[in-house]
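First comes the structure, then the notes that go with it.
Chains: A, B, C and D, in written order; residue numbering restarts at 1 for each.
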Amino acid sequence: MKDTEKRLIELRRDFHKHAESMWKEYRTASIVARHLMTLGIPVVMGDDLSVKGMQFQYPSEEKIAEEKRRAISQGAEPELVEKMCGLPGVMGIIDTGREGPVTAFRFDIDALPFSETDAPEHRPVKENYVSVNGGSCHACGHDGHTAIGMIVAEELMKRKESLRGRIKLIFQPAEEGGGGARGIVERGCLDDVDYFFAGHIGLTRLDGKPLPSHGIIGGAKDFLDSRRYNIIYKGKAAHPCGNPNDGKNALLASCVAALGIHTIPPHCQGEFHQNVGVMHAGSSRNTIAADSYMEVEVRGENDIVAEYGEKKMLSVVKGAAEAYEVECDVVLIGKSSSGASDDRAIEIVMRCARTIPWFTEFHDVGSVGGSDDASEMLRRVQKNGGIGSYIGLGANFTASFHDKAFDFDEGVLAPSVELFVRMVEDIHS
Amino acid sequence: MKDTEKRLIELRRDFHKHAESMWKEYRTASIVARHLMTLGIPVVMGDDLSVKGMQFQYPSEEKIAEEKRRAISQGAEPELVEKMCGLPGVMGIIDTGREGPVTAFRFDIDALPFSETDAPEHRPVKENYVSVNGGSCHACGHDGHTAIGMIVAEELMKRKESLRGRIKLIFQPAEEGGGGARGIVERGCLDDVDYFFAGHIGLTRLDGKPLPSHGIIGGAKDFLDSRRYNIIYKGKAAHPCGNPNDGKNALLASCVAALGIHTIPPHCQGEFHQNVGVMHAGSSRNTIAADSYMEVEVRGENDIVAEYGEKKMLSVVKGAAEAYEVECDVVLIGKSSSGASDDRAIEIVMRCARTIPWFTEFHDVGSVGGSDDASEMLRRVQKNGGIGSYIGLGANFTASFHDKAFDFDEGVLAPSVELFVRMVEDIHS
Amino acid sequence: MKDTEKRLIELRRDFHKHAESMWKEYRTASIVARHLMTLGIPVVMGDDLSVKGMQFQYPSEEKIAEEKRRAISQGAEPELVEKMCGLPGVMGIIDTGREGPVTAFRFDIDALPFSETDAPEHRPVKENYVSVNGGSCHACGHDGHTAIGMIVAEELMKRKESLRGRIKLIFQPAEEGGGGARGIVERGCLDDVDYFFAGHIGLTRLDGKPLPSHGIIGGAKDFLDSRRYNIIYKGKAAHPCGNPNDGKNALLASCVAALGIHTIPPHCQGEFHQNVGVMHAGSSRNTIAADSYMEVEVRGENDIVAEYGEKKMLSVVKGAAEAYEVECDVVLIGKSSSGASDDRAIEIVMRCARTIPWFTEFHDVGSVGGSDDASEMLRRVQKNGGIGSYIGLGANFTASFHDKAFDFDEGVLAPSVELFVRMVEDIHS
Amino acid sequence: MKDTEKRLIELRRDFHKHAESMWKEYRTASIVARHLMTLGIPVVMGDDLSVKGMQFQYPSEEKIAEEKRRAISQGAEPELVEKMCGLPGVMGIIDTGREGPVTAFRFDIDALPFSETDAPEHRPVKENYVSVNGGSCHACGHDGHTAIGMIVAEELMKRKESLRGRIKLIFQPAEEGGGGARGIVERGCLDDVDYFFAGHIGLTRLDGKPLPSHGIIGGAKDFLDSRRYNIIYKGKAAHPCGNPNDGKNALLASCVAALGIHTIPPHCQGEFHQNVGVMHAGSSRNTIAADSYMEVEVRGENDIVAEYGEKKMLSVVKGAAEAYEVECDVVLIGKSSSGASDDRAIEIVMRCARTIPWFTEFHDVGSVGGSDDASEMLRRVQKNGGIGSYIGLGANFTASFHDKAFDFDEGVLAPSVELFVRMVEDIHS
């Protein structure tokens, strides 16, 4: 397994270095697609993989063209990029030719939309795999997920003759707020699936602490219902000394709104979280700010709580607009649903994990610690009578998820491949 | 003049000790009325002095009954109290019997509605004239004004034979937010007046510094247009742990409103001021606050600015209510108008002041530093072709106006009497 | 049981009408003590029941004297009042004279420190048991608890001969923020106890909904660690027009602090709640507010979370003081600890409840929905190897707990008595 | 004059289209320098004009290199650009060779650092002179000032033989916050000046209304003391659901600071203004914001007021940092001093303006409505016994100063040239 481990790390660091955030993952998807095709696995891409028009925060044509050029300059294959039809992802289908169940694995491949730290003590800096793509940073471990999925494909092809049924390996773009799963679900890719699994490096134990290296969580049951909005205020510029009374201060309206959103109380029927993660306001020090922009999300353990938070948030946003006499645009940017892993799927995970020596800390249930649109896929599978789980793969971190200094213990990669392969053997033998 | 000075201080300290805030001035008015009557000056009171129904913040019947009882227990004469018909003030009219102009002086007699400090270093504590009436405190010098007015009456009566025309001495209640002047103006008491003067201990120089002892300001030209509101929010109580989502937090709505009101920018067409002076919210530490109450004022150098501030303030108040989903009652509590002293009246003041050795620092024009409903009287006089001035009588203070530790240099009292007497001699000889 | 029901309602309404909030419960305790003595139950009071000096928000000597007079005028017996030594509570001890376990029941007797609604549709108004004690209101059901405890005493005395061991009936004052349990624990009253129970009308189901009539919760496991503070800001008064720059605005500092406290994020290691329940600031509309006062609490599911909240809250409080250049007094007013019912105690409750037809909705575990200093007693019992439970007695409400319009379904009273008697029979037979 | 007017408009629109904000004015300065040289006027540039190291908000070497390339691609002459030594401005000196006074005119040439509107109704859009330089916009009329200065040079050269003394025409960069005047003053360029004038299109009348077309203000006396800061908060990122308690929210700290800064009360000793004009915080919707950045200014009528505002602002900034436990960098970015035009200089302006028929509305004194670092030059001249004035040249606007839709009545250009020429004739004949 030593050689596999080395290759996993190489792959993961290559993706890390060429991080591609939401809807830019042309290079990553191209490399994955080529790998699958080389292994002899048929691939599904573009309009065959997803349905257009359901994406969140989808970029402009110009931006996409620019990103395709950038991806190609970094090694993406032009024909593959074209085949993706603007939806940079890929699904490989391993068909054993024998009757049997259908299992799908979801690997998310996107980075986060901010720049990585360049601090000299950051391992990616020291060992030269820090992101060269400004504004994109693998601070959530998806680089690792992608590498795991590629080697899982390889290992499964070695065992293909001893397996039954079909295995779908879905490399999904835009998990971080782009709603990448929605189009894939809508296209029907999950409709024949009996078992669905997605894994995430890390996750949180039920005691609120991060799952360390050597830990395994069988499944999370607390996907949060997430609703994401952009809030744009339009006020009126004025000189703060010359005619301050003519101004309508969009910056102050945003400040009141942000504070107000963060004072929305919790809900007695389930976990609730809110965040104003981004604010940009004003254009000049000596001008009353005429414009502001905020990125907001509310999440609830169920749709009652999420709707409560959404309604309260919108009241705050409108009230702040009225208070400062500014106009208000409220733009729904994304949604993902709540969900929970199935006990029977968790059993499969735990049974297999216990056979792998690397895993020494066992938790049947853990916490998503937020949302993941794997829940959209899981719910579709469950609706059709299938089962599934969202697995936690323990790894020590150097910083919190979504921190620009995030890096993880690469020791988790090889055991994760082993786990997924065992699970397939368990289900498909 | 030494004996007069002693009597001025005694009178002033007696009023200070028995401070009576807005619409409670029965004892003060009764003592003034008796003094005027003893001097042989006819007095006008109650419905002959003022018109009912125009007052701001007028108390309940029960409260008035209670205050009358309190005033009588502190030395008010029951018959005089009754004669005031719920409007505790008095006007004395010195009629020389000879043709001539009509001059009116306004002396305001009310205290402020809070308790005086009991700090041992406070002179009223040390010398035993600290207010015995909790919730009432002479922190604006009206005790001095009242004393000055009484001795002016005495001095004028000594000179009556050498004077012409008539002099009205108006002892007005409820200057501090109660709109005490309005009813008196409406009754017509100012309609025959040619010269109007009101004096205030202190005032502010044009350089923003307080007028010290030995200073004189001929007249202020910057009465602010003041609009006063009470804001009541009604939310919904809930337990902050049990069902926080059911609450509507009136306390937080008030906090957002108060901050918002204080962020209203100034206006390029004149001075603007806002203040949230009082807030009360909530009833129990472990209950989401269902109620809140705020006392707010906005003031402008002219009605354009005041209306601007009023409109902005109401937007903030309503926006905060919407943000926190609370109901909102907006109650107009009082108004007073802008205004300015006349140059010709200022000349009279300065000419007379220059004959009095105590005055050594001379300013033709100074600043009200806010509002005074003497402006209502002044505007009525000016409308009929008369002139007037709002005079500053310099005095060192121990603390700012409206501070519970306010006290003033009593040396100002005697020269002020002298000034007013000289002005009458100047006009009525 | 019909007659018992009638008496329970009469007792409960009498306590409701004469509501006594923290440290004022002389009348309630006196009536209870007289009732126990009449039944032949020895009572423990005053310094034998509790230890002085550990109470929170304990009133001044003058206030206590006044409340004693008030209580006596409303029917308290002067000798009993004196015996309480300033700690208005009482414990009755039923000693069967036979060896056996010791069980303690806690009944809290205090009201909340605000006035009841006088809305005509409020049942206490219509049926004439609305609180006659302004500033005290039974909005948490303790009137019912007290009545239940009294009839439980009566019923147990009827069965005394068939029981073994001892039963302690503790009627505790000042549960709502006064730390009434602490002194009783410190005195050692719980040190010999094997089984501890406290019941609360209502409580919350694990799904976050209130427990309705006919419901029973065997025990709550989520007592929150609560820390209560008063925050006093001292600024500097100034006239908002005359010299606004001299002011230090304590009102705005409080507003920033209150908003900031409510923006403290939740904690991943357990439930967290914060509340600024009371704010008073300023004394006059046209004065920059020199003083403010806030009542604050933070609660956590465990001491890690509570300490986190306390630390964050204090940072906010100090930061707001620095921002507005005001002085800051931070006064710790009270604490209560986290805790959880024992499964074995819950089993006893549920076993007994299932024999009572009125109970038809069964929940082993429910939620405190906050804190109750019964946790202090429970922890002491558990420390000594005993077990206990905090029981939910289902009842429909007219309004949320701590709402001035709170009232409950009195149908819960008789079955609750029956439940506690059965539990004693179960344990002590 | 018709032809002059056409040329003025052409020049102004060319500068408008190629707007260059602070420290980027290489193209503008190059065109002016070439024009002066062509007229035979000796020019002073680079280190002969200014002293390095005193500038505010000076860009990085890379940025400057980039802007030089951009300027050259838009028509700047490479040799002239090099001569400017990184300080893009130019002074022409017309020396008559005859003894006489020295007069200096200051023309500011920089644009504002934001993008112009592309609204179709905006005249620069319709008539094709909208800024092609994103992030730079002539929203303050300096394009007009530059054009005026160039034609003034031309007209003066025609009259050179009839004049005495010397005339300095200073084309200054970076008036808008860059402190462009400071280095020029420090170099000594103003040390021999007897008369100093700067004009501004627009300005504000003393009644707070903008000076319309055909109006003239002889001089402003209310330059504000301005202090400009950047505030950077550094918190700690965390996932708002996973581990919100680990976050230190820099976005909320900024919101509290911005609101707090805008609640700083006015000062009784002079005009006071504050503004938070720009805020950027956070990098990802679902991450607690770890960074924020604000651009802040405070201004006072004198240094007492400005220092008061600066001190209060810094208290707010530090208090907000403490409240949210974030680190705080406070960077002084710029300063300019207060100042006032001289009555004797105003007399010269008004005397000359009255001879020009276009001017029909005459105001001796008007308002700067803020700050202009012409005050630095004016103060140096006054210190050496010279006099000067800051002149308002009336022009109707389409939007407020500093609004991205600002444009002005170009009718003001030709009369302004005429005025400055007359003033030179008046002084130098």
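As a convention for this text, a contact is a pair of C-beta atoms (placed from the backbone, for glycine too) under 8 Å apart; a residue touches a chain by one contact, two chains touch by 3 or more.
Composition by chain, UniProt nomenclature: A, B, C, D = Amidohydrolase.
What you see is a predicted model; the values in this text were computed from it and never measured.
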| message | Need the most distant chain from chain C (Amidohydrolase), centre defined as the mean of C-alpha atoms. | response | D
| remark: Between B-C and A-C, more contacting C-beta pairs sit at B-C
| Just curious, how far off is chain D (Amidohydrolase) from chain C (Amidohydrolase) if you go by their C-alpha centres, in Å? | 66
| request: Compute the distance, rounded to whole Å, between the mean C-alpha positions of chain A (Amidohydrolase) and chain C (Amidohydrolase). | output: 46
| field | Overlap residues in chain C (Amidohydrolase), where contacts from two or more other chains coincide | value | 204, 208, 240, 242-244, 249, 252, 256, 259, 262-263, 265-269, 273, 288, 369
| task | Could you tell me which shape the graph of touching chains takes: line, ring, star, complete or other? | result | complete
| request: Enumerate the contact residues on chain D (Amidohydrolase) facing chain A (Amidohydrolase) in the complex. | output: 112-115, 176-177, 204, 208, 210, 224, 228, 236-244, 246, 249, 251-252, 254-256, 258-259, 262, 271, 273-290, 292, 295-297, 299, 333, 367-371, 399-404
| remark: Within the complex, chain A (Amidohydrolase) is touched by chain C (Amidohydrolase) residues 204, 207-209, 259, 262-263, 265-270, 273, 369
| said: Which stretch or stretches of chain B (Amidohydrolase) touch chain A (Amidohydrolase) in the complex? | reply: 240, 242-245, 247, 249, 252, 256-257, 259-260, 263, 265-269, 288, 308, 312, 315-316, 318-325
